[in-house]
């Protein structure tokens, strides 16, 4: 009995949270369209979320490209298809691994960062202070951050993809004596707009959910320093989950569009 | 303020670089699909598109010259493939060039190969339709092989039935087998038949194996067929498969005929049995009887010298000598 | 239960003065917890009113309802002749520019320098600067008022707690508000720093002739600053009077506040 009650409570909480998040997203679109626009803060956030995440994304992307190629080599050699490496790695990175890994890295860095920042601002009444000094904190803090995350993530994905491909090409160059030119020629030969376009669109959504969840968790953070920690933590967890959910939906949708 | 300016500068570099990279990637991809630059449309008609897709490459003498941009089903046996090719390649492609659907390497995507014609004719123009050449599809070959295989299986069944009835001694042949000399003849025939059927069986097994393998790597085989490098190899294999299948078919036909004749009870074997074979057999029997009589005489002679019977024969001799002496005495 | 009537309001002049804040029958509850239970209060122009209460007695909730940071469940709130509930966002922002709010934990924006912190309220209220002044001069003036002009380019994290509070005070007065609301102005500070802050509050009031509503549980602070006091007990105004009147009261609940 007690379990059922607990389960009902959990489901209610989950649905409530989903509703609140949806409302939060709706508020974003409402406020996003209304002036005044906090352009300066937007640029600052773009710098904070974009440039500051670049090194991390470059590093992870490079390692992923390297590892993916090294791990696939033996199998491809077994099938005598090692020359298909650029096609395989290229498509999997551009379509899936690049955007998703970048998004997860950003979920870890950006969502937790925003969650902690807004959470501590909430706890120390900075958000209230903003409100009473005539600045809409939702506009100033939330809209700029969500927008910055949405805009920056696709760019980060481009960089991530590039270094991942470079890492892969490096392995092929050193182990397989494939020139960089041949490698990238093959990659771009294998790729089509059907790979690049949905992945790029998907990245915008990744950025959006990361920013949204980070802001949501931080903005409605509970009182006290523990609240900040919880905000940052749940922001990462929920953002990562939503990234996968968005990815799943994106694959579905792009399948519909590109299977015609 | 200086800090903000620097940040904005870095951000600008970051965003512009990212966007440029994305656009370059998009351009490179588009370039590969001939989305930029002057192109002309051409088409070719095929019976089977073999999995060709929009965006697949079009090659002329092995060089990428364009892409497939539309595949249109005209009617149930006609597929029109529209391609766009680079305008600068137009001068090299003559009207007698032949379009073929092939594949890029072992596991690569499908593509259209345009092979230059031999004649000296004018170059193609926009909207022209190229002649096409449909290669024998692997699938068709495989289905032929399958039919042959089934036939062979039926044949072995028949052969098994025949051989079983032969061994159990039923029917004309079985009865005949019980005859001494004629049996040899028939037995030989039977052995030959058995050998043939065994060979047929083995061949069928082999065929099965081949068919299984071919089916398993259907795509590979299909692709191999169209690949320029490995084409010859694979084509040889297929030719062998075809010839062996034909051979098996003819063997099967022959065997079928033989079996049918045996079952119907007329034809070569029966004639042989009724005429020549039986006659010689009878002759042989007669000779055997003769030999038997002769041998009986010999045996009788041998018995005379045997130690068991020697006493009897000696007694007989003594009696005879006694009688002779008696007779001599009487005469004296 | 009408303790307000028992202790007569001594300052006779107050009655003729203009009422700047009028609260009547304010109620607010969080679930089962009824924080405010029919609170009444009037703040007169130029007056220093201290509202004292234990932690969690609803002082902060009351002050937040005043500036529209929280919505009361019921009750009437009028600030500078305008009923808060009826105001739209624009008018509320304009009204808020006449109300200074010093937050409990200073609530300085961590990501901004002292200068940016002070400039922040001016972003939306440029009209307050006037024709002659500039943002820069206003910032420096406010900083000089709190004696911290040299910290203008520092980050909040580089400042001590007392300095932060003074910067926060400077930020509160930068719009030259008519009313200043102090939420626990001396909380978390050592007695000497507290005294400095109290002195500052007095000097600022003298200089700008503001009305002040001070929320505190610090008796020393109340003694120095208050002209009139309201004791908030069980969500309602339990007693009212000057510091002397209340500190000499024999009511056990009132006495409890002044016991050392």
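First chain written, first letter: the chains are A, B and C, and each begins at residue 1.
In this text, a residue touches a chain if its C-beta (ideal position, glycine included) is under 8 Å from a C-beta of that chain, and two chains touch if they have at least 3 such contacts.
Since the model is a prediction, treat every value here as computed from it, not as a measurement.
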Required steps from chain B to chain C (each step between touching chains, minimum): 2
Centre-most chain, if every chain is reduced to its averaged C-alpha atoms: A
Farthest-lying chain, centroid of Cα atoms versus that of chain B: C
Whole-Å separation of chain centres (CA-atom averages), chain B against chain C: 99
Cα-centroid distance, chain A relative to chain C, in whole angstrom: 43
CA centroid of chain A to CA centroid of chain B, Å: 57
Residue ranges of chain B touching chain A (in the complex, touch as defined): 4, 7-8, 10-11, 14-15, 18-19, 21-22, 25-26, 28-33, 55, 105-108
Contact footprint of chain C on chain A as seen in their complex: 117, 120-121, 124-126, 128-136
Chain A partner contacts - residues on chain C that touch it in the complex: 64, 67, 69, 89, 93, 96-97, 99, 101, 103-111, 120-121, 123-125, 171, 175
Touching residues on chain A, where the partner in the complex is chain B: 40, 43-44, 46-47, 50-51, 54, 79-81, 83-84, 154-156, 158-159, 162, 188-189, 191-193, 195-196, 200
